[in-house]
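Before any comments, here is the structure.
Chain naming follows the written order as A, B and C, and within any one chain the residues start at number 1.
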Amino acid sequence: MMDGSEFQLDHRQDRPRFEPSTALLLSLPGGFLFFLFAGPIAYALYLGFTNLQLIGPHAQAWWFTGLANPTRLLNDAIFFHSIKLTLIFVVGSGMIGQTLVGLILALLMRGSPAPIRLSVGTLVVAAWVIPEVTAAFIWYAFAQAGGTLGIVLGAPQTNFLFSAPMATVSAANLWRGTAFSMLVFSAALRNVPAEVLEAADVEGASRFQRLWSITLPLLGPTIITNLLLVTILNLSDFTLIYTLTQGGPGTATMTLPIYIYQEAFTYYELGYGTTISLVLILIGAVLSLLFVRKVRKAT
Amino acid sequence: MADVQFEHVYKLFGSHPAVNDLSLEIADGEFLVLLGPSGCGKTTSLRMLAGLERPTYGRIAIGGRTVNALPSKVRDVAMVFQNYALYPHKTVRGNLAFGMKVRREPKAEIRRQVKDVAALLGIERLLDHRPAELSGGERQRVALGRALLRRPQVFLMDEPLSNLDAALRAQMRAELIRLHTRLKATIVYVTHDQAEAMTMATRIAVMSNGHLAQVGAPQQIYDHPSDLFVATFIGLPKMNIVTGQLTDQEDAPAVEILGLRAKLNRATLRRPDPGGRGEVLVGIRPEDVLCHTSDPGTARIDACVEVVEPLGSETLITARCNGSTALVARVPPRSPIAIGDRILLGINTQHLHLFDPVTQQTLLKPTRESLTTTLRSEVAAN
Amino acid sequence: MRLFRHGPVRPPELAGPLIVIPHPRISLPDVAANVVLTVVGVVFALPLLWLVFASVDKNAGWYIRLPDLSSENYRAVLTAHGLQPFVNSLYLAAVTTAVATVLALLAAYPLSRRHVPGKRTVMLLVLFASGLPVTMMLVPIYEMYAAIHWLDSSFTTSLFLAATALPFAIWLMKNYVDAVPVELEEAARIEGAGTLRTLLSVVLPLILPGFSVTAVYIFISAWGAFVVPLVLDANPDDQPGTVAIYQFLGAHGFVQFGQLAAFSLLFSLPVVILYLLIARSFRGGFTFGGGVRG
């Protein structure tokens, strides 16, 4: 052996090792995420139990207040009202609205001639692609007294943002977000093997039976994943509702994100606002966890 | 150019040994072929040599230098991959020049050498095309050119011809041999095709299940396979294997097969495993099965022709002997033999191979002496 | 998915080859489906139609009406003052995209190829993080930024946007890197290329479509960012288009709808164009042509 050293023939050499270049590559994004992503979340866990204010006596002199904020939360009628509204929004507009309409559209478009399919598809997606403020602005005009919504529904002098705020906001959200579910389901439907459907046809199944017994069950996992995603997306929606109603009139559309913003930046209660945020984080984390478990099972 | 050594190399994937105690020395300038069926560990061994896998145990050396801990780029090897691994987004020129650019060689030099290699391989007109536009053979040449430009100590080739059609393969084989002679390069070549191995190698290393079964020059391995696996793997059509009985008559060992009796030269024979009942496996290559339809006086086996395969340059016949064993024989082309014919077969006992039925090892000592002295026929009393 | 029904069986006494031309039956459910689709299409189109009409309407109102065609609104918007929000949005989106895509690539490559202790957990954590809503981090990030004097700056705002986009971007990019055949990197390795060289010369060119899709996705999200710049950057000169639109609406009761419509339409245009670009490139597909057999 010309290299002169003692080579151990029975020493295991191929244990996977963490190379320095790997560490280098991961350090920049890792540090970034740690500081700007994990940082705020960790900070929130502390802030939520303080009496910090943006402006006011506790802006400079603030401290840890233990369970004061959670207690206040549990006695906060608006908070529970806000949760209720959030639920209505997420379940009604999101889960039922966007997912269902998206599914129906995807199913209908399957057997449709290209011109109809393409044009309807484009329109639905266009509503989704434009910036959320633009969508909000359009619906703002739409729902005003004398606006198109009133004309179409035969009540031209109604300002729907005043008379039916949750409904209007939900409709706007439905208009805007259906495209996502539609695209997801279209892709999933394309993956349904044609032979299975043809076999059902040959066996004499009606269109409805085929849909109910074959297509929908095959789509099951996709439906569940989509429901989770839609819920996650809609849960934190701020821009649309805030632009349309700022949570009003009064507290009629004050979902959790809007409530957080109001408490923290309108009433300057940063500490309390964070406490509410923690609730939102918790809900979001649970949903995200469910989503991850679904993905993990699939892979 | 450099020599290569594998010293007690193992590679375990989980608990499965893909390479199981490989010890092999490859001389400078040799064209060594690692031959074996899929899963035998030949590609893994090559990849360990390239530095793409780390061995679990053992030492690998190139040019006397232990390379286990060295990354691929300093090992000074070049590899031609089975699937070519050409950069699809670069032109042929870009593919060829990449390595030299990485090594920061001067532009003029790169241009010159790329041109030379392209000329050598006949791909000059393809220099500005992308891999997607090339045929399989052309891509393979680019992959080869890329390896040549590396000017390595050792060339590593992983089944480079397996994706080419038969005619192209034969042509490329000849080119590789010519290249080897010209460059006096050390080449380690992996293949499962025994014809490729036989035609190109200076030595063949036959592997099976992670083990090295036998290493030697092509003809050597062909004539003196060390075990049943090597014997049946090398040579197309496969060697005929027949069960025979060893006897000791007049104090001279002999073997009885198919009703014939061949005397064996004691000097070349090892005693079989005492556990056996004197049963041996006898290997007869198809060219050693002689087909006489006439000519009395020498030992004969009665056989009935089952399959006739005319290859043009010769014909292969499969005949069933004494109603039980089938033998494949080579006969001259245009022989007037048809299915169903009864023919008489003889055996050239100069090249009988004997194997222990239990260990499957050869029972012959590795010498060149001819094995049998006479062949006598004896009608077995059935 | 409709089965074609053939015509009646041909009587056997007629000779010669039988050519049957199947004709599709137009069924009632199909017609109904298409009618429903068309209605849905119209419903979705109405709001968009209003936007387009109002933008070219000299006297736009809340409702859809045939416009008094005029380019007055656009002209008003395209003055220097009107363009500033566009520039701000562009800056915000560009910086966010640049930072997020580069960092995502740096993270995705080792996560795809190298040994990382606890890799599966890390990837699941990344996926988990991409599902967390941004609004819940608003208050703490505001406080953090206030503490280190990072408020009221476009640059630092886009850094936070990049951080929130990063988990999903890493997830996307990792999947694209996974699809590159390892042999190409092995070949580059043998030729002496180091990690960075391999990443830039071999991997990046081959994931360019996926990289572009990720970049466009981040750009579109950042272009539409509203609450983050609203909270983190109170500097009126830094106002992106989203906040500008909101200010317009919230400021007074009576709004110049035509102008706002024109502004909104223009503001939506870049994002729509980008979306069209990546949608087409998806259809084009990408194969590692010739690089690897099969």
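Methods note: a contact is a pair of C-beta atoms (placed from the backbone, for glycine too) under 8 Å apart; a residue touches a chain by one contact, two chains touch by 3 or more.
What you see is a predicted model, and the numbers here were worked out from it, not measured in a lab.
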Whose Cα centre is nearest the centre of all Cα atoms in view?
C
Tell me which of A-C and A-B has more C-beta pairs in contact.
A-C
Rounded to the nearest whole Å, what is the centre-to-centre distance of subunit B and subunit C, using the mean of the C-alpha atoms as each centre?
56
With centres defined as the mean C-alpha position, give me the subunit A-subunit C separation in Å.
15
What is the distance, in whole Å, between the centres of subunit A and subunit B, each centre taken as the mean of its C-alpha atoms?
62
What positions in subunit B touch 2 or more of the other chains?
none
Residue numbers in subunit C touching two or more further chains are 194
Subunit C-facing residues of subunit A, complex
16-19, 21-22, 25-26, 28-30, 32-33, 35-37, 39-41, 43-44, 47, 52, 105, 108-113, 116-117, 119-120, 123-127, 129-135, 137-142, 144-148, 150-152, 175, 194, 197-198, 201-202, 207, 229, 232, 235-236, 238-239, 242-243, 246, 257, 260-261, 264-265, 270, 273-274, 277-278, 280-281, 284-285, 287-289, 291-292, 295-296
Which residues, counting only subunit B, touch subunit C once they are in their complex?
50-52, 71-73, 77-79, 81-89, 98-99, 102-103, 130-134, 136, 139, 146, 150, 163
So in the complex, which bits of subunit B are touching subunit A?
7-8, 11-12, 53-59, 61, 64-66, 68
Please output the residues of subunit C touching subunit A within their complex, sorted ascending.
1-3, 29-30, 33-34, 36-38, 40-41, 44-48, 50-51, 54, 61-64, 103-104, 106-107, 109-111, 114-117, 124, 127-129, 131-144, 159-160, 162-164, 166-167, 170, 194-195, 220, 223-224, 226-227, 231, 241-242, 245-246, 249-250, 257, 260-261, 264-265, 267-268, 271-272, 275
Please output the residues of subunit C touching subunit B within their complex, sorted ascending.
181, 183-184, 186-194, 197, 201-202, 205-206, 288-294
